[in-house]
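What follows is one structure encoded as structure tokens, with my remarks underneath.
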Amino acid sequence: MAEYLIIGNGTAAVGCIEGIRSTDPDGNITVVSGEEHHVYSRPLISYYLEGKTTLEKMRYRPEDFYEKNNVNLIYGRAVKVDTKKMSVTLENKKRLFYDKLCLCTGSSPFVPPFEGLDTVEKKFTFMTLDDSLALEKALDKSARVLIVGAGLIGLKCAEGIAERVGSITVCDLADRVLSSILDSECAALMQHRLEENGISFMLGDTAVRFEGSKAFMKSGAEVEFDILVLAVGVRAETELAKQADCKVNRGIVVGTDMRTTTPDIFAAGDCAEGFDSSIGQNRVLAILPNAYMQGHCAGVNMAGGSEVFDNAVPMNSIGFFGLHCATAGSYPEDAEMSQQKTEGGIKRLFIKEGRLCGYMLIGDVCRAGVYTSLVREKTELDEESIAEMKKFPSLAIFSAEKRSKKLGGVV
Amino acid sequence: MKREGEVRIPSGCAIAAVISRDGKGITGDVIYNSMKPMHDRSNGLGGGFAAYGIYPEYKDLFAFHIFFDHRSTRKECEAYLKERFEVVKGELIPTRKIPQITDEPIIWRYFCAPLTSVMASEQVDENEFTARTVMKINTEMNGAYVFSSGKNMGCFKAVGYPEDVGVFYRLEEYEGYSWTAHGRYPTNTPGWWGGAHPFSLLDSSIVHNGEISSYDANRRYIEMFGYKCTLQTDTEVITYILDYLLRRQGLTLEEAASVIAAPFWSTINAKPEKEKEKLTFLRTVFPSLLITGPFSIVYGWNGGLMALNDRLKLRSMVTAEKNDKVFIASEEAAIRVMEPDAENLYAPAGGEPVIVRVKEGKF
Amino acid sequence: MKEHYIYPEFEVVRNENRCIKCRVCERQCANEVHRFDPDLGIMISDEAKCVNCQRCVSLCPTHALKIVKSDCRLRENANWSDETIKEIYKQANSGGVLLSSMGNPKPLPVYWDKILINASQVTNPPIDPLREPMETKVFLGKKPDKIRRNANGELITEIAPQLELSMPVMFSAMSYGSISYNAHASLARAATELGICYNTGEGGLHEDFYVYGPNTVVQVASGRFGVHKDYLEAAAAVEIKMGQGAKPGIGGHLPGAKIVGDVSRTRMIPEGSDAISPAPHHDIYSIEDLRQLVFSLKEATEYKKPVIVKVAAVHNIAAIASGIARSGADIIAIDGFRGGTGAAPTRIRDNVGIPIELALASVDQRLRDEGIRNNVSLVVGGSVRSAADVVKAVALGADAVYVATAALLALGCHLCRTCQSGKCNWGIATQDPELVKRLNPDMGSRRLVNLMDAWRHEIKELMGGMGINSIESLRGNRLMLRGVGLTEKELSILGISHAGE
Amino acid sequence: MKRVYVNEQWCLGCHLCEYNCAFANSGLSDMAKALRDKPIFPRIHVEDSGKIHYAVSCRHCTDPICVKSCIAGAISKVDGTVKIDREKCVGCLTCVLVCPYGAVAPGPSGAAQKCELCLENSCGAPACAAGCPNNAIVYEER
């Protein structure tokens, strides 16, 4: 019977388990979890602080998930891979053998070497449930919070704690919030909503040095704070892969079947650098749906099936204080941008060579998935369809024939 | 009260028949005694018999049995008959005075041959000629009613129970190879002798038990062909239908049976192709002659009998055999009176004709 | 000149407590009666446009709507009814002939309702259709006078072409053009499923429906629209339309606006040209001319298809029918004065023709008196409304009946009688694609099949009650009928006795 | 399994399905009470594009991308039906982002909702199909 070993216990691992089980109901699956928690959804940690979910509800899968899937869950940290003996050694020296190994090690926060960081009493990263629980303990109604990083993590953290602290300042070296997914105009809308809810920004500026509860900014400004949250960025966890001699760039390089360059070793999730069809090359797409789908693909292939995951695109759905934002795809310089302003929002479509290559929706995100699918499927559109698409996302973009397959067939 | 012909009178009935396949003589007491156990199926308002082979000495002449209300009617009718026929013999039909039968009309019989010259001028054969004469008398001559008109056969009928009618007509003195009998249970007739059964035309006679629901459809159809349903009885219309199908259209008995008691379409469609084609043809061509509603009939003619039930078999009828004889009756009891040792008792299925031919039709 | 204002005939009553402003009424009214007022936040109505087709009433999910007859009346006058006066106003406004649709709505006698059906009691048994077979199949066509046998004495079973129907009902003529493609599709599919026939009417046969040919009667009318060899050959029978019950003596006029696309192609006339059916066939000015057309069509179809001659029931119908029966026609169809139409001058619809019951009775008797009833089958139409009407018609002597209004009702028609407007909200009497699509033939044909199945069950029940187990035994069986409240004259024409006799 | 199918050839754009859906999922027994003077949150929507109309609701995909994408693990497929656990949903709308049919939308509470075939409300079978006046929406096996 096959021995499947999965390092990591996040979304990719769940995808991997479900992928294996869809193909091989019997093989032994062992999961090594670094965190001593049932599988939970990491993006929910801010919602937890906000009170929109509970520890109970945060479980990504039901309580009996491991049992039902006949998975042997081990808490521990994998430290060594031996590709010859096909084994993985844990921190506690326990050795696990595998026929197929999947690395779902995820990523970890990147903390730049700030001067004086060690003098800061209450400093947190915001990645794991334990991070969130630790931060929660520090919160109080009068606390001044400085968040370094105005990306998804930093801002979700800000939203999550907004009602529970005195003030929040977010700084980022970039000139706008959410710089990885939004252009300036769109970012400004989001920033506005955040500001309306009491969050202040110091953009184009960042902390360079700390002294106790004071941050010294690049611009020369000084910020007093009680709590520091570092959300500068994340890095793929690739240590084991390197040991196993897998090719590693920013992440562990995988093919569209999730195999690494080392036989019998797969990788999936935030640690992997898979194919991004929106740009036609590999890159790390650290988003949850991607992690699951890569995991699932890896699982199926580990179990001898054949699945290809070749249409990953960057996409994000995120909201702050009721203002939603949906984005997907890429925004090439030479693309035609079609823009529509809506009440309190904006819609930008990036069209190139008769295809929708990316979009940004702020405010009304209804049926955004129709656009996402156009991006993902690289659907070729005639003029009529493009005109229809510019109006709003609907199935009217497609021909009657295609629509009848979508609405009248099993899909 | 209105009598037959003025109103349609439903009735229940008893029927019985016997025939010798060898053509041997059977005396009339055999048949009228058979009606006794079925007494309750009649109500004394009509009984009658048809007898075949009873006039061998006049077998080539049409034998008219006629009721007259009055002597003057007889004179008038005889005059008319003589315009068309050579009347070889005319006489009172012998009867016996019994208390059970009263108010009898004047009952005569005439043995006649059609006048060939008159017949030629009408361009019809002797059967059609005779039939027309009968229709004419029965529809236009008030007080005269021809109740029998075949060759070498005769009907005998009266108001009364059939067993008494048999005694009244002294039927034990006649000998025929085939007899049918009828006892009637009409619901609202004043009791008119002409309304008793059998009903006959030429040598065809019908005894019938039932009340058909297709009556007016059948009547209005058959009347297109010169028949006049003066009595408004089932027996009359069935007689005309069979006359039309057998004599005028030339159908066989079996074919006629599958017109009047046509198989269901589902049955027809399950038949072999040739049979199916034929049955479909007959139902398509003669749809208005399908008879629905309950009936059991015995059709008599010179040379045989046919018993037939409606296709749902809504009326009782059984048959049995013994040696050369075949018996038919509404109830087995009647058969047992005629022949206690009768064999092969059988209840024909709905629409299944039982046809008996004397000497296999070579009679 | 300013026209006289005529108060609307109907009022739209909306229960504001139930209205959820879903605006279905607005979206579904082709007459644009309903409208949402964003300022007031309520639905409002323009009642002058309402034809009382009940589409909105039917679709309103909260049953918040009803349409009522307006009670704004003129001063009562037994001689000058409101309707009469308003018609005068309309004519004074417009100077035109008044147009109407569907059948005569006047309170003239409905003889079906004065005829009662018999049932068996005691002397013979009623038959239970659940237990016993009960047959409704009929063959329409000429029956031979005499059977023939071959040299071996076997019956020769070839006979004149017959139209086989599983029950004595057909859908009568409604042209493609006067009704929609989907209405035709529904009729064709239902007829096929039921084993009966529908009738193309005079507008030709759309190529999509040739597949239903074995259940199709094609019509040849005075305009000869869409008549060609394939059309005749596709059919189960060919009908020559001499007249129509709703408008005896006049032809038809389908405005050019409706002659578009497929309708134009199917009728074989240019788009936009008015389709005029002359009052007479200009090659039939007498009975001998009819005989020539009958035989022309028989020649064209190699004597393989029965020819029907359809006439309106008029005063001398018995003699007319007798002439047709001798013309070589296999089937006579008679359309009574209550028959429907897509458009007819009101005066003609309401004042010309005679009731089908009387026409049927006199024709059937006349053909029997002449001994030629077997030459032809008799099909009658003109408001056969139920299984009871079918049974009564057959008992009076019909071989089968034609139904159209009942079929349209099954398809959704609410008898608003404004077919002539072309804005049928039920997708029946319209060529507007947006309206046509409202009639889904899947539903339409299912409802027609349901209706006929129901009628078939009822016919069987009624027959069973009479002790009759096959429709043949009902045909012309007038003893099964009794009249109530009829005069001696009416009874004698109908050939039935009065109840109690 | 039985699914809701839409044939735009017969869709009249009457939008009744939206109201029937909203009513079916309202938990109330009177439509007027459930829907009068309130915004409605149907799980099916009609798209009107000129003369073309059609209703869109969850296709219950064989391989549903929403299930794979839900960050809360709130969407699952049970016996062929894709369901959303509204308690678990945090309203991130990733499902809206990925559904290629636009069949998921936020409900009145902000949690995502979509057609669940009326299997758990008092209708027991899709109210949209049952109430469609022209059989443009059918609930059947294909």
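Letters A, B, C and D name the chains as they come in the text, with residue numbers starting at 1 for each one.
Here is the rule we use: contacts are C-beta pairs under 8 Å (C-beta built on N, C-alpha and C of every residue); 3 or more make two chains touch, one makes a residue touch a chain.
Model, not experiment: these values are computed from the prediction.
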Any idea whether C-D or A-D has more C-beta pairs in contact?
-> A-D
Inter-chain centre distance, subunit C versus subunit D - centres from mean C-alpha coordinates, in Å | 43
Centroid spacing, where centroids are CA-atom means, of subunit A and subunit D in whole angstrom = 28
Just curious, how far off is subunit B from subunit A if you go by their C-alpha centres, in Å?
-> 103
Chain centre separation in whole Å, for subunit C relative to subunit B (CA means) | 47
At least two other chains touched by the same residue of subunit D: list those residues.
-> none
Checked against the stated definition, the touching pairs are A-D, B-C, C-D
Which part of subunit A faces subunit D closely enough to touch in the complex?
-> 15, 41, 43-44, 47, 52-53, 57-61, 288-289, 292-293, 296, 315-319, 322, 324, 326, 328, 365-370, 372-373, 376-377, 388, 393-396, 400, 403-404, 406-411
Where on subunit B does subunit C make contact in their complex?
-> 8, 10-12, 187, 210-218, 220-221, 223-225, 249-251, 255, 262, 264-266, 277-278, 280-288, 290-294, 311-312, 314
In the complex of these two chains, what residues of subunit D are touching subunit C?
-> 9-10, 12-16, 18-20, 23, 31-32, 35-37, 51, 131, 133-136
Within their complex, state which residues of subunit D touch subunit A.
-> 3, 5-8, 47, 49, 52, 54-56, 59, 61-62, 65, 68-69, 71-73, 87-88, 90-102, 104-105, 110, 142
In the complex, the residues of subunit C that touch subunit B are 120, 123-125, 127, 132-133, 135, 137-139, 143-144, 146-147, 149, 154-155, 157, 159, 162, 368, 371, 373-374, 397, 466-470, 472-480
